[in-house]
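Here chain A shows up in two complexes: once beside chain B, once beside chain C.
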Partner chain A sequence: MLLLQQFVNSIMLGSVYVTVAVAFTLTIGILNFLNFTIPTLFMIAGMMGWALSYYGLPLGLSGPLPWPIALMGAVVLTIIASLIVERFTFRYLKTKYGDSTEHAIPLVSSLGFLLVLENLVRIGYGTDSRRFEGPDADLTMNIGGIFVRVPQLVSLAVTVVIVLGLTMMIKHSRIGRGLRAIAENPDAANILGVDTRRIVPVVFILTGLLCGLAGALFAINYGEVSPAMGEDIGTKAIAGMVIGGLGSIWGAVLGGLIVGLIEMMTVHFFGADTVQVMVWGALLLTLLAYPSGLLGHNTIGKGKL
Partner chain B sequence: MSGYWAGILSILAINIIFAYGIFIPVASGQLNLGGAGFQAVGAYSAGWLSASFGLPVSVTIAFGVIVTGVIGVLIAFPILRTKGVYLVLATFAFAEVIAGAILSSEPLGGAMGISVPGYIDWYVSVIFAGLVTVFVFYLMATRFGLTIRAIHDDEDVSDLMGVSVRNVKVAAFGIGAALTGLSGGLYAHSFSYIEIQGFNALVSIYVLLYVLLGGTQTAWGPLVGATFFTLLPEALRSVLPATKNFLVTLFGETGIVAPPDESWRFVILGALTVLMMVFRPEGLVTRTMVERLQFWRPANRGVTQ
Partner chain C sequence: MLEVSHLDVTYGRTRAVKSVSLTVAAGEVVAVLGANGAGKTSLLRALQGAVRPSGGKIRFDGKDMTNQSSAARVRSGMVLVPEGRQIFVSMSVHENLQMGAYLRSDADIARDIEAIYERFPNLAERRHMSAKTLSGGEQQMLAIGRALVSRPRLIMLDEPSLGLSPLFVERLFDLLAELNSDDIAILLVEQNTSMALDVASRGYVLELGSVLLEDTAEALSSNTALTEAYLGGGQNTDQEGSEHERAPAR
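Showing the complex of A and B:
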């Protein structure tokens, strides 16, 4: 019974990883770009949600906002931050000689953004973790002896809806067709009439939206945010993405859940100290033995960065 | 020599060696985002040997270099089967596995860290940094350096021209790992205390940024990058409070002003990274720049032969 409870917990934990991992896999699958600002965007969503509900709007425009409005504002801010990142990491960067490290330019640039955004938040709000006053927290359901917290159930549902919506959008809409064309070959897509400069920001809006929602759900579920909250989630989401296969949305879903499962089972059987070794060991093994992951295409991310 | 400058010089020397350790794989086109992992291996093997058996510093550092080099070569064979994003992720994962393994290992002190008895003065690190610099300049001037550059520019063509791509890459990775191990050993003995939190993912990011911002085309790049970015925070340490004081007095405020937050240094490093990637993505020092600055030029340069 305890094991079953752990299993349910691992799915709840995994659903946060899933949302962030989908953001990672989307930028890598479509733009061939490993966006290291994603954990930071996740953190910004949480911290901004807290700041809006604690201080209210800047310049004394309002008092502390109620938590749902604060979180919505936080998601909007995260999307804006993501678009700023797009301006500087992706828009102006064209490779000139095509040698092997030049493709790393957006990646390096996103590492720079990681430092800037993270430290700005630290300067603004300090490094301590803060209590987020969400909904009255003790909404717990007892289903046949298994305890499930309602906010977690809601966030699982939200995650499922997002992923389904995203898949539908990419498969059936006009924008989705453009995105798939860019993923296939950006130059050819451009020649054939896909307006790359207007479609690429869509990826970053989606990234911001996914990270924002993940951050907001995290704040509701755990009731605590801090400037360091992105690192742990971000690295585990990367692990989930790789295990599921780069560039595959359903792979990221599967991988995120698997990472949640590995984490919970490791804590259950070996204790919390070995989690890092297990998760990253699984990632390293996947990379070395079966690089395309469980559901990935083996063309994505090869040779390019 | 005051303790302050001695500390800065030893960290500068260690960073230069560390940057060269990352530079050699990057010069052959392999981004290594696991620098902190290799440095941790060097630091912990030297520190452990010194703390447990009381061996002299020369032996422990040599042991650290050998262990890291061997691990580098062993890990290079599987890791170098991957390319592009996968290689970045694999090196990153390797560093996380090392950090996790050390964190959960009792003899290595776990989260407590270990104190290292053998102490070395600042000039030892500086001498080593000089030797390593000369060695890397020599290496880049040899046939091996030429093949590294060729592989960086185009792997397939170098393969066709008879370069054994895999051997050169493994050798570059191994030499780089050994140098990184040297920097780790020197770090352990210079600061007498090591803990695994000091070898986190941010350290890997910083050192990769030093190398890429300095430029990967010549051996000058890491030297310039590491020196600039190690000394920049120290310069800012005095300039930033002065600027803040000046601004505050402009607005007519008197009294003691709180010094600005340390985090501004990293904001500036990140912002510089983003700007460099937009305006000069090949790094500060390029091959053409070095050739232009040379007083004595080879006679036939630029003449058809």
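Showing the complex of A and C:
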């Protein structure tokens, strides 16, 4: 019974990894770019959610906001932060100093953004963990002896809806086709009038939305946020993405859930200290058997969505 | 309709296109000939908007397009069928055609795509299959069909016959004549000189980035000195690799 409870918990934890892993895989699949700011965006969502519900709007514009509004504001701020990252890492530096095949400049500059943003938050709010006063922790259902918290169920549902919506959008909408065209062959896409400068921000808006929602879900589920909260989630989401296959959305979903499961089972059987060993060990074993991940294609960087 | 004046394209220290001037009138077929490295592809890339020219002007319908984006050019009616086809192999045939309508939002897109299927029944049969299952010739038809869905008034083709079987080369040039009778102007860059001059009314010969000669198609075809010296005889034999189908983009 305890094992089954752990299994349920792992799905809930996994859904946070899934959302962040999908954000990673989207940028890799379309732009061939490992966006290092994703863990920071996730952290910003959590910390801004906390700041808005603790202090309210800056300059005394409002008192502390109720938590749902604070989290919505946090998601919007995360999207804005993601667009700022796009403006400076991807657009400015890449178009000014690189060409369409240049990958190192966005990568390194996004790593810079990771450090700058994280330390700005540390300077602003200190390095301590903060309690996020979310919905009552009592909202728990007892289903046949298994305890399921309502916020967990809601976050699972939100994750499922986002991933399904994203897949539908990429598969069937005009913008989705444009994104896939850019992913496969930027030159040919450009010839048909797909404007990279207009469509790349779409990827960053989606990245901000996914990270924002993941950070909000994390704050609700764990009731605690900190400037360091992105580091652990970020590395595990990358592990999940690699296990599932770079650039594959369903791969990120599968990989995120697998990492969540490995983590909970490791905690259950061996204790929390061995989690990293098991997660990254599983990653190595997966890559030995499936070099491009469970659902990945063998072409790196192109046309995978 | 298209007026190019004194166009320069520079890559680093290399001047790929030097002060090229050319015109294409509405409904006209114009051939651009020249050996490898003569600057033909660079010229087309500048016309399509992939490279910024370092000098000169591009005007389309009297509007200055020199610094306009590719999207603006497609919207105003000029579209490129690039060398090597560049179809999207990760997409289905149908999605490739929909990509041609990327900038359109009117209600006639579905009808225009159906018209492409009527023109190319091979594509209709495979509309839901991946574009990478198509043969080289079918891929070229798809690339042209995709460009047509954007409703161009000027279609620019870069080496469309390269790598096609002789049968498909025949069909390709028949198709170009058909398109022209639908009042679409064509700027055709080809190494297959004799076929290109058959379908064109005028031609330009590029050498080392500059216009060497400009004349009517008849005059150019009868210019034996020219065909021998610069165009390698004008028959199919000048094309390396024309016998085997080129591999898809990826």
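By our rule, the second predicted complex is superposed on the first by the 285 of 305 C-alpha atoms of A that agree within 3 Å, B and C clash if a C-alpha of one lies under 4 Å from a C-alpha of the other, contacts with A are read in each partner's own complex, and residues count from 1 in each chain.
Everything below uses one rule, namely that a contact is a pair of C-beta atoms (placed from the backbone, for glycine too) under 8 Å apart; a residue touches a chain by one contact, two chains touch by 3 or more.
Computed from a prediction, not measured in an experiment: that's the story for all the values here.
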Quick check on the superposed pair: does A:Arg174 touch chain B, chain C, both, or neither? Answer first, second, both or neither. second
Per the contact definition in the header, classify A:Glu231: touching chain B only (first), chain C only (second), both, or neither. first
Which chain, chain B or chain C, ends up touching more residues of chain A in the combined arrangement? B
Would you sort A:Thr274 into first (chain B), second (chain C), both or neither based on which partner it touches? first
Check: chain A residues flagged as touching chain B and also chain C 302-305
Provide the residue numbers of chain C that touch chain A in the complex, in ascending order. 48-50, 69-71, 73-75, 79-80, 82, 86-91, 95, 98-100, 102-103, 146-147, 150, 249-250
What does chain B use to touch chain A in their complex? 26, 29, 31, 78-79, 81-86, 88-90, 92-94, 96-97, 99-101, 103-104, 110, 152-155, 201, 205, 208-209, 212, 216, 261, 263-264, 266-267, 269-274, 277-278, 281-282
Taking the touch rule as given, give the residues of chain A at its contact with chain B in the complex, in rising order. 28, 32, 34, 88-89, 92-93, 95-97, 99-109, 111-120, 122-123, 231, 235, 238-239, 242, 246, 273-277, 280-281, 283-284, 287-288, 291, 301-305
Chain A residues touching chain C - in the complex, by the definition given at the top: 174, 177-178, 180-181, 183-185, 187-195, 299, 302-305
